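Notes for the one structure printed next.
By written order: A, B, C, D, E, F, G and H. Residues from 1 in each chain.
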């Protein structure tokens, strides 16, 4: 019988007592995985399966175990693994372009409030789309209303204009950009929403696989930009989730 | 007569028409400064004066001009400049340890809700205090309730414990750490609030003046951490401000 | 007739006289390899064959020659080479996941004292397992009792708890972690055993193939952490061997 | 007797014959300096004295010798050296803020065509002014009409607007910016003139003394941006000179 | 009906009014692409399709849409995509070695004025040819007369000599070099034309994929060299276009 | 009344209950310091005061508070602070060359077993002495018998010879070296003791302030070398302490 | 009719007159190659064909053209190209492991004076062999007597001993090493010959593809070590050639 | 009584027997220095005192002790230490600009064969002079005939011409350059002598304190260039000494 993740075990008790960490509760480890089904309760975001470097068997086991507790998402899933997982979990949802697979949620659900969604994912160029989709799918997995605005980089700023009304109403904006990574700075001077910046590894030569936009975003002259790792659309969406769920919290 | 910063000039009009950018309105440049008094309206955070590399005269002029529009903050102010500014603006507020000076606000006001403040600034070690104070003072400048929890780094995790109740109630947590920068990861696994991570240049040798905690924070295994530049306590507080002011927005 | 590796030729005599370095003793070089069968005596750890970049023929020759003196281990052995070596040396022991092959020892022998083994290998995540297994197998090759605790990274610290008794009794702890590499810092604040930290190349983007956890481990705020190269599970186990064999030495 | 720099010795003959390089012509070296008075003829830009790391005596000698051939400029001149040079050459022109000193030209001459000058020097922030002034003074030294537009960085893009008419008429635009270095990208999407980008070492932390804007400018999504070294206002102005003097060439 | 790109809509109006950015004019986005057909008018260089990381479908759509407005070029096109595009657009022009494909221009047209072309593309070695061809083809696409001088690197400087007459008459010189990247410095001391330096990723070991020539070119002791990104022959040609088209501008 | 540090509060209870972290026990914070007097018990090494970046007042307070629990060491103490601390704590022990100050121990006590000490600190050159002394003094502070062998770097390997008997009897060897950092590799091929490698920032140019020996030590071809941060003699001695105290543990 | 490469045209005349650079003499370029057959005369080392990044056709053409002037070597030749060249030039000599192909010399000729050869190539480990062979073959191509001593790295220094007599008689020693690159330092303290150090990309993790031994060799505490690029066995042999041919020069 | 350094103790015996390393012979350590007076015999270059980071007392002691065996040189001597040493050793020779001090030789002796000296030290610019002088003085200390050619960098190549006769007769050329470090490449294409390249930290911005010329020299397209550390004029001269003394060796 699965644990109830919503039971108000505060983390103080989690850490203080032996109850939660008894091996029985932990499912006796299931081989070499040590899952963390209480993370959802502690942090408002349940454990997610990082797919890179995992075997299909490890992916399958993790998803199965965590599904007993709450909906579960796997990221950076290769196309091969994705198709195998879809076969194994026919009720699962695969978004191949975003390298996401999940059980218990719909990664592709359009937001009825779009284009005036709570979360707007904005990209500088077409090549940033896979990372932007990772952010979009993750946001939807966590129940956020999210919408994509693509290809509005700084070389043609007027392309931002038709979207300014939506951008100025958004609760969080996720800016995804490679090259020189200037998009968050430009947005930061135009809107009030907190901006989460995601550098991408788009580019070549002195781009150094995303180092350039990463550094540029950390040095943005528009203050109030929070940066996540290169190509980390997932992390950006989790931060958006935490920002938005803080409102309605006890 | 100063412009009214709260008048609902949307940015669409700012950019679209010549009204706001006429040289008269801009104070005719006042030498080589081009101030941006409408930034408050566009972005919820008014223009702030970055003190590093500015002469005392440039600082004085910028503060004077911006004060006509809204309260104004200067950051990274050297002790010498700080004392000169205090002399010139006797009504100003100087916090030397935080390298902050402001007109129209109180940088040192304790939060009546402390220790259960909306914004908690947490540091790993004593050497991180100057950056933490920059975050604390900036948060207060923008009207946020903020409180400091110092010296609870990962080498003695139990020191976090007496603060867990407050940490779990905070709306935003700013984690300031040098060395290996592990504090945001540990916090990220324990609490629900969004975490803004500030790497500091505390350390030596292979710390590379903050590069190590910067990289560590960007790679945090606890997702949902937004990172700002090394030693950028100011930027962290601005992001906190944007997150919190989003709640009550139209 | 092979040299007797256990004969007490001290290194002073090795270097001082021509006896040990005569070409006859050296096996006349066997092509372009210059083996070092006296290393075991000098350093308590015999020569090990580094498999990366070697041809199958070079691997085979090295193993054959060294086996005349003492049990012999090859590391970083590709799956193809591993299978070929198993075919050539049917008495050998291959651990494919750990990229190890050896003659004269059992890489997979469980420790009867587990989980309270002298050497505990602890990993932050599932992706660190190959490196952890290299450490585990190497430790066993050198006759140490070793046990694995997997997937207890800092994003869910309570997962460490069921293992604290064992961790506090271990003689040496090898902490294997990628991402931000915070595991050794957390362990360093909790236990007395010396900690050997192994950064792994797990991660992406600003992880820079293990540079981030390497730097983080070198900057650990918990003192007394010795760091080895990225992905160098082998070196960590050798250091453990040297620490433990010092006890019973003349 | 000095050589006449304007005599049409083409470089083909300079290199091909021994005439110009005879030691007599070279002034017999004047100690350890080997001046190049024919550079003006070959490259349209005469030899300039790089002031950093030179002693006052070396500066004085170089200026004296080159003045015999053509007007001469010294860059990166420290305030102390500048004042000494002014004393020694009362007819010289010192611009302390730009670290420039010259003989035979006026570094501070306003352009009668301003603000619609051929060369516009644009800065992102106030801290970029010293580098911008180096560009401005160098351009004037070479006889170009040049004008400065300061403090119009991307955090407040509307500040660019009152200058767009001038910017769109300029023949060359020199964009000077630190922080994330986004100014050339934004300009590159708005105007037709070739853009010379100068990263500055303004900033702190992950700015790495100008590395961030340097990389950003090299990766600009607006093509047609030529980048020079960090803080190299001089080089930018020389490139502008070469671009503009190509028009009226034989 | 396509917009007329040559109509004198100044950028002031583009940005100021809603006319150009209405979704209708933008072709309603055509999926996730946001094209910028007015860029030609604003910047004298129309939008170009960056081929790396794009799917064949995205390439095809972008070319089709932009062709309605002006001739269009795609860069960094893989051989496979190149051949597919040639099949789809039989009227297009493919230069496989240069990774270029275009509609509405001839990438391979020899310059009747060669070798005394306005634009000379010079390479240090044979391995720099693909990047040099990208520059050459792009220059031709934009209507410039361009010619190639190959393999005249600094290890045999006399090889430059037969080309000095042409080099000294050129309006712009594009110097393409890998290894130590010294070619622009040597040229910079010999000729009057502005020099655009393109570092290439030719080399190995401490070349670091073009970092060495990039740094060398930025530090050229011959002033007046504008540098573009590693392997960015395209950007160099765009800068040449902007320099040359400034002459005949309104 | 000070807490008794030796009372068997296991870390399990430290973390599990509120007892140790109650604010009363913590001395009510004493301003912004959060001391950790139980660290000695948990980790066999008590809290040490990192002197860099601390004010004299912070140093004084930390030493005073911790002295109530156990002997206490401060590292990286500047000469000025050192002399002030000696004045304030006349019973303290200052070693200026090592930048150490302590209460309750003797940093300069010679080891009666020298030169056959348990811990040998070996340096490559004279410039490595300050870091070696930090290791030596720290080892003595923790009650280890330690001895220094200076200036035996690899450019004159025979200098190692008179020390080989002692080196081969040592329980732990700390190898301190700058330049190319080859000393640990050479020692690692000669002796059985575990080697702790300390890179120093001695050197210039491409040494990059210790980066070169750090990388070299991490890549040592002699396995079993544990590396600590650049210039971190303190950390090396703590690791030695942990290795040696493991022997006599319960 | 080919030029006679041995005719005493001094470089002074090469550069000064138009004779050598006339296009006729240059073979009219043969497509896009500009060969330099006079390099042998100027520099004592003829032009060599760098094979990486060249097509088979370019390789074939270069070899054919240069063979008309002097024996010719190609380096970094892929196995496929090597075999094709052998087929095309049956009189050529291919050394696949060294990635060398030449016309007019024997890459595999043993030195009759070995092991007391003028040039000794020494390697730290087996994985350094390909680079060592490139040095060995290149030395033989240039007519030097050269011999290989393999696998004598610093982890077993006594392995150097049987070779010390030869090493101390060599005229030049080429030390090839990866990992921590300590071999040149150790040799530099033992012998009189000039040492040319070649770092190799052998290693993993923090080796950074040869950066570690490169830095270590540049920082050698044994002075008088000249370093070449990572994996550049060819360059080391050319330097040896230049050192040795200086003796018998006019 | 001092040892006679010239007695033919071969290194084999040095290492093999205890004679030379007995503490008596070593002067019983003289504090913490372990001198190596036999290095001259082993390596043809006696021990030299590296002055950076040493106290005056350490310098004085080292010079005194080594002077008993052979002439002795100290490098990187600060002006203050230099003057103190001159006072203490009135017979010594100080060259302040070169940061050299020696006993038993003349650092300033002109070479009677100049400008056709065996060793030519060539610099790119005036700012490279201090490093060039270190090379020049060191060469003279070791008895080589050496001469300086200053300020002939690649921005004015014809300045090389009057020196080509001397350059082509030199036995070794030391090329000292900062900025883009192209001088060795240009020389390498013109002369036969082996070239030792010394990058200097001259420059700013993306020069990164000599990293740029270091990388450029390592990637020289002119093969046969041996590179030493940034600013290491001393090491270049030692390599020259080793190259030249090889000729007349037994």
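Everything that follows uses one rule, which is that a contact is a pair of C-beta atoms (placed from the backbone, for glycine too) under 8 Å apart; a residue touches a chain by one contact, two chains touch by 3 or more.
Just so we're clear, the structure is a prediction, and the values are computed from it rather than from any experiment.
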item	value
Shared chain contacts [subunit B and subunit E, defined touch]	A, D
More contacts between chains, C-G or B-C	B-C
Farthest chain (mean CA position) relative to subunit A	H
Chain centre separation in whole Å, for subunit D relative to subunit A (CA means)	47
CA centroid of subunit B to CA centroid of subunit F, Å	37
Between subunit B and subunit A, distance of the C-alpha-averaged centres to the nearest whole Å	26
Residues of subunit A whose C-beta touches two or more other chains	11, 15, 18, 39, 125, 155-157, 161, 188-190, 205-207, 211, 214, 218-219, 222, 229-230
In the complex with subunit C, residue positions of subunit G that touch it	125-127, 129, 148, 150-152, 155-159, 161-162, 202, 204-207
List of subunit C residues in touch with subunit B within their complex	124-125, 153-157, 179-182, 185-186, 188-190, 203, 205-208, 211-213, 215-222
Touching residues (chain side subunit C, partner subunit G) in the complex	11, 14-15, 18, 20-23, 26, 32-36, 38-39, 47, 50, 52-54, 58, 62, 76, 199, 201, 209-211, 214, 229-232
Subunit E residues within the subunit D interface of the complex	10-12, 15, 39, 42-45, 48, 161, 164-165, 168, 171-172, 188-196, 214, 218-219, 222-230, 234-235, 238-239, 241-243, 245-247, 249
